[in-house]
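In the two assemblies presented below, subunit A is common to both, partnered first by subunit B and then by subunit C.
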Partner chain A sequence: MSKLGSGTKDFIIIRVCAVLILLYSIYLAAFFISSNGVNFKVWSSFFQSPLNKILTSAFFLAFAIHTWRGTWAIASDYLTPKFFGNFGKYAYLTFRLFVAAVIAFVLTWSFFIIW
Partner chain B sequence: MSQVIPVEQLKSLTMSIYRYDPSVDEKPYMQDIVIEVPTDKDIMVLDALHLAKDQEPSLSYRRSCREGVCGSDGMNINGKNGLACVTPLSEVVKRNKLTIRPMPGLPVVRDLIVDMKQFFDQLEKVKPYLITNSDNPEIERTQSPEEREELDGLYECILCGCCSTSCPSFWWNPDKFLGPAALLQSWRFIADSRDEATEERLDALEDSFSLYRCHGIMNCVSVCPKGLNPTEAISNIRNKLINREK
Partner chain C sequence: MVFDDLRNYNESALNALTKAISTKKVIEKDNRPVNLNLLTINLPIIGLSSILHRISGLAVFICFPLLVWLLSISLESEKRFSDLQNSFQEMVLFKLVIFLIFVGFIYHLLAGVKKLLSEVFGFGETLKSGSLLSWTVFGLTFVMSFMVLFKIFNL
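Let's turn to the complex of A and B:
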């Protein structure tokens, strides 16, 4: 059994998510290039396909995880007492809550649009 | 510089040097000192500092071997960390000006002298010595030439601190992120065929900060006066962490 600590797990998860985001971006770009002009009909029929619904949901999930872990790294570098004194803890918490709210909103919104 | 150099073979160089004596100064300031440097040869930054010190005897900096071995005179030279004793003026002087600051990220003791406690605390954490559990052999622990070659590019580190103090991840988390110098030493012992504590060493690096705070910025590689590659060492440890099976 692999012995993975939190750092290694995070590293793998962030990179797997990044690869998923990249693959979906390529897939979407290929759709745009291969379609002879994208209008509402073409766009909505693209999202009628269950496969595309699953892939798009996977993209948003990967995006959410990647954003959550990535912004944690930024916040734990800069939003600290070293920069902001006593306010550092609150700056960190405020930022994390803001990111969590944005991610929750985007995920929920995408779920309603796709499904 | 002991010999007398004719005036026509000298040119002026303005050195802007970080000055701070906490017992006297309220806050740090930059002091301009104009020195006369010889035109017929390329002197080192350390020689230039000696010339500046002739004018300002209170100017303080560390130096010892003056040949890139002891690692005492690491400093920030025109924006880039390096050893003053092995950095020729021709490499760094721009528009006839040379700006010298202490290595960034560490507390300043005085002028160009920094308190390197945080740096050495992090080095201590990686246990930079051979750990063995088996019985001692009769004569010595041997290595094949190939096993010994694995340590090339690792054992040469002189612990000057140029790499760690040029690393933003170390600036922001000097107590949690070990920094490139300590991680290079960590890999130096993980890669050593005689060391028997690989698992223990890797276990200590599993958290989110000790090693994984490295974002591959590669300032460490850019500034290392010995031409070493801590980023590669960190990458090797990371691969070992990901691939290890238990």
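Let's turn to the complex of A and C:
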């Protein structure tokens, strides 16, 4: 990894996180399909199992990294001086700050929900 | 001898480039017109699939705190869980929002799988196979959305 450029690292990291999110989605879908009708008992014991706590934490971490890079790709394409003139720089910074706040909020909150 | 010639050639090419830059010949070339009015661009299916991947990703990201909020309520207590279930059954808007988030998420997942397939295995790199794969992603999204629609609206 150390020999790779930062762009290549980003490229790989965003895809590894994407695969993690995909696998977690399949895992969650499998839970819903296999447990015919979810009640509180099934639902809460599902979230109390240590395995699920670890997997869900990994999912939220992957979500945070994936969306941080993904929204960067969007912002650096459209929130530019070409589209917004002098305001482009501030639009970019405002959007990045907003995204950072949402991710920090979601990560903290999910940590308190899971553990 | 050949290398000397090559070096001389490179030097003269570099000189010509430096001269061109200093007389702004190269810089003037960058004044090409830029057409980025999306309404005037005929977007092919592969392009549409790509831009929708971005839009759906951003949309799901913005809606995500709502899902975390629902998760936190559902795990709070048995009463809160059944309250949530009742309001889900009673409110059409609630169902609709969840359904739309699902559509955005499933599209983003499938389009992401399509992207990975082309990057890892080289699937869908030609115009024909790329269009076919894009249509497949739209088709699968459509089918899975309808399955979930029937499920959550008890049709």
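What we mean here is this: the second predicted complex is superposed on the first by the 113 of 115 C-alpha atoms of A that agree within 3 Å, B and C clash if a C-alpha of one lies under 4 Å from a C-alpha of the other, contacts with A are read in each partner's own complex, and residues count from 1 in each chain.
Criterion: contacts are C-beta pairs under 8 Å (C-beta built on N, C-alpha and C of every residue); 3 or more make two chains touch, one makes a residue touch a chain.
Predicted, not measured: the structure shown is a model, and the values here were computed from it.
**Student:** With the two complexes superposed on chain A, say which partner A:70 touches: subunit B (first), subunit C (second), both, or neither.
**Tutor:** second
**Student:** Quick one: classify A:47 as touching subunit B (first), subunit C (second), both or neither.
**Tutor:** second
**Student:** Answer with first, second, both or neither: which of subunit B and subunit C does A:37 touch in the superposed model?
**Tutor:** After superposing on A, A:37 lies clear of both subunit B and subunit C.
**Student:** So in the superposed three-chain picture, is A:7 touching just subunit B, just subunit C, both, or none of them (first/second/both/neither)?
**Tutor:** first
**Student:** Counting residues of subunit A in contact, which comes out ahead: subunit B or subunit C?
**Tutor:** C
**Student:** Thinking of the overlay built on chain A, is A:80 touched by subunit B (first), by subunit C (second), by both, or by neither?
**Tutor:** So A:80 only meets subunit B here.
**Student:** Which partner does A:105 reach: the first (subunit B), the second (subunit C), both, or neither?
**Tutor:** In the superposition, A:105 contacts subunit C only.
**Student:** Would you tell me the residues on subunit A in contact with subunit B in one complex that are also in contact with subunit C in the other?
**Tutor:** Residues 73, 82 of subunit A touch both subunit B and subunit C.
**Student:** Which of the residues in subunit C come into contact with subunit A in the complex?
**Tutor:** 34, 36, 54, 57-58, 61-62, 64-65, 68, 71-72, 74-75, 78, 81-82, 105, 109, 112-113, 116, 119
**Student:** Using the touch definition from the top, list the residues of subunit B that touch subunit A in their complex.
**Tutor:** Within the complex, subunit B touches subunit A at residues 168-169, 172-173, 203, 205-213, 215, 238, 241-242, 244-246.
**Student:** Looking at the complex, which residues from subunit A come into contact with subunit C?
**Tutor:** Touching subunit C: residues 15, 18-19, 21-22, 25, 39-40, 43-44, 47, 63, 67, 70-71, 73-74, 82-83, 99, 102, 105-106, 109-110, 113 of subunit A.
**Student:** Applying the document's contact rule, which stretches of subunit A touch subunit B when the two form their complex?
**Tutor:** Interface residues on subunit A, with respect to subunit B: 1-8, 10-12, 73, 76-78, 80, 82.
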